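Next come two complexes, and both contain chain A; in the first it sits with chain B, in the second with chain C.
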Partner chain A sequence: MDNASHLGVVLDLSPKQWHLAAQPSNPHPITLVASLSHLLAFLNAHIACKDENSLALFGALPGKSVMLYSSTMPVNEEEIQPADANTYRPFKVMDSTIMKHIVSEVEALGEPEVEEPIGFVGALTKAMCYINRVTNGSTSSTSRNDDLATLPDPRILVISVSPDQSSSYIPVMNLIFSAQKLKVTIDVCKIFGGESVFLQQAAHLTGGSYIDIDRPDAILQYLMMSFLPPPGLRQLISVPTQDKIDFRAACFCHKNIVDIGFVCSVCLSIFCQPVPVCSTCRTKFPIKTLQRLNASRPNAAPGSAGTPARSSTPARTATPAISANSLPRSTSINPAAVPRVVSNGSAPATSSPMQNGEPR
Partner chain B sequence: MPPRRTNDDYMGGQSDSDVSMLDEDELTSRVKAKGKGKATEGRKGDKGKSKVKEQPYAWEASYTRTWETVQEDEAGSLHTAVRDLIAKGRRRRLLAPAEAVRRTIIRHLILVLDLSSSMMDRDMRPTRFDLMLQYAREFIAEWFDQNPLGQIGIVGMRGGIGERIGEMSGNPQDVLRSIAERHKLEPVGEPSLQNAIEMARSSMSHLPTNSSREITIIFGSLTTCDPGNIHDTLDECVKDKIRISLVALAAEMKICRELCVKTGGQFGVALNEGHFKDLLFELIPPPAQRALTRANGPGAANPAADLIMMGFPTRLPVTSQPSLCVCHGELKSEGFLCPRCLAKVCDVPTDCDICGLMIVSSPHLARSYHHLFPVKPYTPITNLDDATSLSATCYGCSVPFQEKVLQPNVPLVDGISPLGRYRCPECEHDFCTECDVFIHDVLHCCPGCGK
Partner chain C sequence: MPSVQQASTDSATASEAPSHLLLAFLQSQSQNTLTRLYQRPSSCLSIFRLLGPLERQIVMNLLWLESSIPASTMATWVPHEVRKTYENSLSILSRLHILPQSAVKLALNPTFKTSLRHAIIGGGSSGSFGVPATRDEKHSSPSIEVLDAYALERWETILHYMVSSGIATRPSQGVLFLLQRSGLMASIHGGSLQITSLGFQFLLHSPHAQLWELLLQYLHMVEERQMDLVEVLSFLFMLSTMELGREYSVEHLSPTQTAMLEDLRDYGIIWQRRATSKRFCPTRLATTLTSSSPPLPAAGGVSASAHGQGFIILETNYRLYAYTDNPLQIAVLNLFVTLKSRYPNLVVGAITRESVKKALTNGITADQASRQIISYLTTHAHPQMRKNKPLLPVTVQDQIRLWELEKNRMKSQEGYLYTAFASQADYEYVLNYAKQLGVVLWESSGRRCFFGTLEGHPNIRGFIERRTAGNA
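Right after this comes the complex of A and B.
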């Protein structure tokens, strides 16, 4: 390894998902504590590979995201337990800092009835901000950045145990494009929680690898063999590649993940069913198109087509009702119904569909 | 409206200016490095307009140029200058409309390149022709980045005829390949605007109504040699709703301006190399459709708008079983599966050959979403009066904030926090200058709000 490399780790710390992952009913149960010890061994290995290697660890917690550790963090000497003869001191310092932060953050969560959505997007954006800052931000206020000013090969490793939050579709896509711009590789290590469509796309589009782990109890082996070599070395080492990549998207109206969608030609918003008015740009669509699309819809059962089973605002249930109707009735309904849709969409700016899944 | 020169101002582009070119390049690269072109500022408002007017022509530029633009402060550092550049970028963002704007996203563009002998002029370095080719390549790459569902075709003007150089294609590699070989495009003869526009118009005549049709012309001559009345061609373009934009390299011609004004396009005369690039790159972002909405009243049906059914495919890996693709009938492993009929196609975006569904990969669509949901501008924090609730580190990169004003003697610049602290109006977290710029220009996602 000739060049130093920067590794940003985004660690999913959802208590609920880790609890589920540790259930003895799983084929290979794994606890958070066990996987953390694997992860720390991996992080130590990364630091040990080269003196200049740097590291930043971000935790995604319910409703928030925190930086748990970074190589540029000031070390609080007093809080580190006395050195023991069997550990290399920098490892000891790093391990105890990380563990201390995780424990304090998880304890601060308390025991809420319902877990808030995980702050995954926040943690990933912070990892990107950090990379941006250390790669090209050597400002007057922070002189210690200087030795990191030329960081080659930045990459982010996402350790995920939660399923996709479909509300994070747009931010994750924006993150992928900025990662491409900064030449950041995103690797994904999926321990638990099913396939993640968005993370698959993230790894594929940034040239990283997405690995769905079969034996979570042996996670260290996967981490060492697949994610330790920096991207520059990946051509030489055959890192497992993805099997199929799912290019599905989430609809803007219900955040369902869809494989066939209806797309507004003006703003490219995606809807899971034909809508008369685009909720993003408020373009009205010709009634003929709606009729044609409704007729050609796959599995267009008249009863089930209209009302989605998921929770939805009144305006949303109204929308499919209009579009599912035949022309004579819908023309009489339209004048009344359309303003309702519009006002609903415009009240909290245009982002009303986004706010459902937003953390806190 | 971009700055322009009138014919009276035209002094002849023959004078040589080797020396000034160096300054010019250095200046543009320096300004570009901060991500805020000085000349790009010129677009907004009267202030900008007057600034560009002060800027001398390429051949008038002198050694002193860089020092006029980037000034040292008393301490001899460039800090103030850099700060001003950032401030300009911030103000531009504040001026931008906060809510989502309708933009035409499925665009069709014919790029018309002037390949007449006047393009061998050396008033732009190395020649107008070489510079045009270089910028055209950069333009195409950036255009596809921002208009992933768009298509570009290329038409050349030389020897009095319009010449089809590149067919309309949605693949940037195909388009770039068509203008890759310089010797095939060697400038010769007179240009003909009418022939070129007619050719561009005919290659877009089959397009559906829900896509935009545009012609962008790079024009370096002062004459056009047309077989008929060009005003008839102009009327046809207006009727077909084709937008014509033109970047002139020599001087303004009445017909050029008229073409742009009547079709709703943009017209500009390049003053120097950097300005040429700015004029061209202004045409890249998807055009906003606000004018149209206002004319018809809000919510009025837009005849060009439509709802399109699209399928999002599954990509097969190279390791999968080889099978025949439906588009070429070739045996291959990789490909995309149509979600409706499971036919295998080689490349997306495309229409499924079996069921006709339009197949796009979702990242193609998602590239434009930051236009729809921009991050709100952050408010600069100018004093630390309510010090109780202040965080010690930047919420994005966790670098500590400075506690006091760095250079107290520097006058306050509008839109700039002397503390390097900017607050998101929604999540109320504080960010440093680097993160503020990065979040708004690249990331398009606030770490605190998570959207």
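Right after this comes the complex of A and C.
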């Protein structure tokens, strides 16, 4: 129980969103600089809890993602100010490395006309890869393997200020699956930018907590109480969980978040409208089915075509439609009822859609 | 997830287990002493690290609050099933005077709060993390390898001295005194120092526990030597937060702390170029005081260091192969293994009934012997062994326990043997009397003798005397 834990942090560094967050018109404006000082105190506290705790910080920047700090990074002695007697040296090294990297990355951004989409998925993927590397260890050295195999409770904290990009639905879902497999907990701290459907799902499915911060000026206290305890400790001192989760998915064709989706019975790809040929697995659907689905489309879905997908009766149609908004939005949702894992008796659907790779 | 569930049950039991050795010592100190200690950020950070995980989280939850919060608010964060663990944690914190006990409001000790905040976000001017020495023109600072070698050499000198019962190189006078005071070694009939049963147990502990045991003993001696406990403790904590491989200046140390330098140098905790040097380096023994990483670089020669800590392979046929050329490790193994042959990097032996019994008579106390031997074998198991489940062969584990029970089979009791009765009637007459008193432990009518307890002797003796007097 009292083992070292690994914390991966994904920090959203979108200049536009941070600018919006700092507008005085907000009820609680928060600047990047202020949040960073809270975050650094939190990271120090994580290291303070145990000398062996490890840390990796990744920044999501427009169009790219970078590693800002990791515990295993070699320290560049010359760049750090000389040691002084009033600070604990590891904290100082970590804080100044992080700040230096953030400043240089943000300065390198320049001032493009249109901001590129944030490299959020990339940062999250890197954090996951890092955990995979430290938990599985390198095969070259056996003793190292022993040390790292005892690294339990890896977790990722996502600090987000940007709204969802619906185009990142598939990669995010893939990440959630890998996180479940690696037993990584994903926590989400939403400072600004509205509710995030995907991150809510990520937190819920990996057993983490999703917190939309009401008072960003007190972010440190949120971080300390909700995100500092490693997953093992959360049995003893509970952390807030979501009382409602938005389980909607994004369609594969237009990357829209849909209330009602149409799921390919072979590969479980989701579409916002009935399609004759699945774009992922090239399955052709009977024209009759298409007609029937189209007929039932506008608002009749929940009654006629919506339910078969979740019932256990084998559907005769190749493209059963399911309705996501007919699900109650509450914590009582059984994750098995989520559209993406619904499979049907009529088709040999063995794998989840997201593992079939990107559709075109 | 079942794995998480498992963790929680483990932790519930773990938190009831005794916490770190030092915390028990700190709890026995006065509030005044502790508050003075908490003035230094490095001490707060180190003590914080020694706390259990739940206590740490409680401290962190309260650390950034300016005002106190109602105890009931905090309690709502704790699930009902683990309420007991939580209350246990609160009481540990209150005994350390970190979180004063109160049924209504929870607020950290203000001194502790300020110092821990300083430790985490920096600031303050206490200089409690050690003043680094300016770069020395003549000598470059020692490399980490040098420091490790030094710490290892010093530490193993102490342990080796204990194992060899005073034949190997003698450590310094201060160390000898400490070993004697702590009861790890004792001089028998005024002769040379001999290892005691406590000392044997000590040898089987992990280096981290050994180090703290010695330091605690040192702390107990502090008051006799009229040193200030707070100064001593805060110096130890300062060392634990220092950086390995960096030189620190002695100029800002108090006289007490300067006096400690010599002792700590003998234990291998700090390194100095010369006794009069104006600078010192903490070794790995110092910097890992509050962490759980191994305090010594892989003990032993090249072969052992390549495999980290583990070097022992134990087979189901009780044969034991130890890949080590370290005399200390071999000496420790020799405590409970019959060594058969020795190669440059390998020692072969077997765990036998005789060897385990020898260890038991040597004083590894009976109720813990098997546990200690097994835990020693487990912690030093070779990486190849780690693939086995369970790690050690069950047959061997059980047999060691059985051998231990064998020793417990015998019970000794003081008493008197009554023999040479003149006739069988005499014998039975006295025996009946003794039986009525319930003091007979053993009897053999064939040999006409019986054994009675110590308490029964005056009565039996009186009875026999009266009877012989009556006959005469």
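In this text, the second predicted complex is superposed on the first by the 281 of 360 C-alpha atoms of A that agree within 3 Å, B and C clash if a C-alpha of one lies under 4 Å from a C-alpha of the other, contacts with A are read in each partner's own complex, and residues count from 1 in each chain.
Following the convention adopted for this analysis, a contact is a pair of C-beta atoms (placed from the backbone, for glycine too) under 8 Å apart; a residue touches a chain by one contact, two chains touch by 3 or more.
Worth saying up front: this structure is predicted, and the values here are computed from it rather than measured.
**Q** Where does A:G122 make contact in the superposed view: on chain B (first), on chain C (second), on both, or on neither?
**A** After superposition on chain A, A:G122 lies in contact with chain B alone.
**Q** Is A:N26 contacted by the first partner chain B, the second partner chain C, both or neither?
**A** Neither partner.
**Q** When the two structures are laid over each other on chain A, which of chain B and chain C touches more residues of chain A?
**A** Residues of chain A touched, chain B against chain C: more for B.
**Q** A:L228 in the overlay: touching chain B, chain C, both, or neither? Say first, second, both or neither.
**A** second
**Q** Applying the touch criterion given at the start, work out whether A:K183 contacts chain B, chain C, both or neither, answering first, second, both or neither.
**A** Second partner only, chain C.
**Q** Is A:L268 touching the first partner chain B, the second partner chain C, both, or neither of them?
**A** A:L268: touches chain B, not chain C.
**Q** Would you sort A:A48 into first (chain B), second (chain C), both or neither based on which partner it touches?
**A** Touch status of A:A48: second partner only.
**Q** Please work out whether A:I245 is in contact with chain B alone, chain C alone, both, or neither, and reply first, second, both or neither.
**A** first
**Q** Could you list which residues of chain A make contact with chain B in one structure and with chain C in the other?
**A** Residues common to the chain A contacts of chain C and of chain B are 142, listed in rising order.
**Q** Spell out the residues on chain A that touch chain C in their complex, using ranges where they run on.
**A** By the definition above, chain A touches chain C via 1-2, 4, 40-41, 44-45, 48-52, 82-92, 95, 142-143, 146-147, 152, 183, 207, 220-221, 224-225, 228-233, 235-238.
**Q** Which of the residues in chain C end up touching chain A in this complex?
**A** 1, 3-5, 7-8, 10-12, 14, 41-42, 45, 48-49, 52-54, 56-58, 60-61, 63-65, 77-79, 82, 85-86, 118-132, 241-243, 246, 252, 288, 290-293, 306-308, 383, 386
**Q** Under the touch definition given earlier, write down the residues of chain A that touch chain B in their complex.
**A** It is residues 65, 67, 70, 73, 119, 121-122, 125-126, 128-130, 132-134, 137, 139-142, 167-171, 173-178, 181-182, 201, 204-205, 241-249, 258-271, 274-275, 277-278, 280-286, 289-290, 293, 296, 298, 338, 342, 349-351, 354, 358-359 of chain A that touch chain B.
**Q** In their shared complex, at which residues does chain B touch chain A?
**A** Residues 79, 98-106, 149, 210-211, 289, 298-302, 304-317, 319-320, 336, 339-340, 348, 357, 361-363, 365-373, 394-402, 406, 420, 432-435, 438-439, 442-451.
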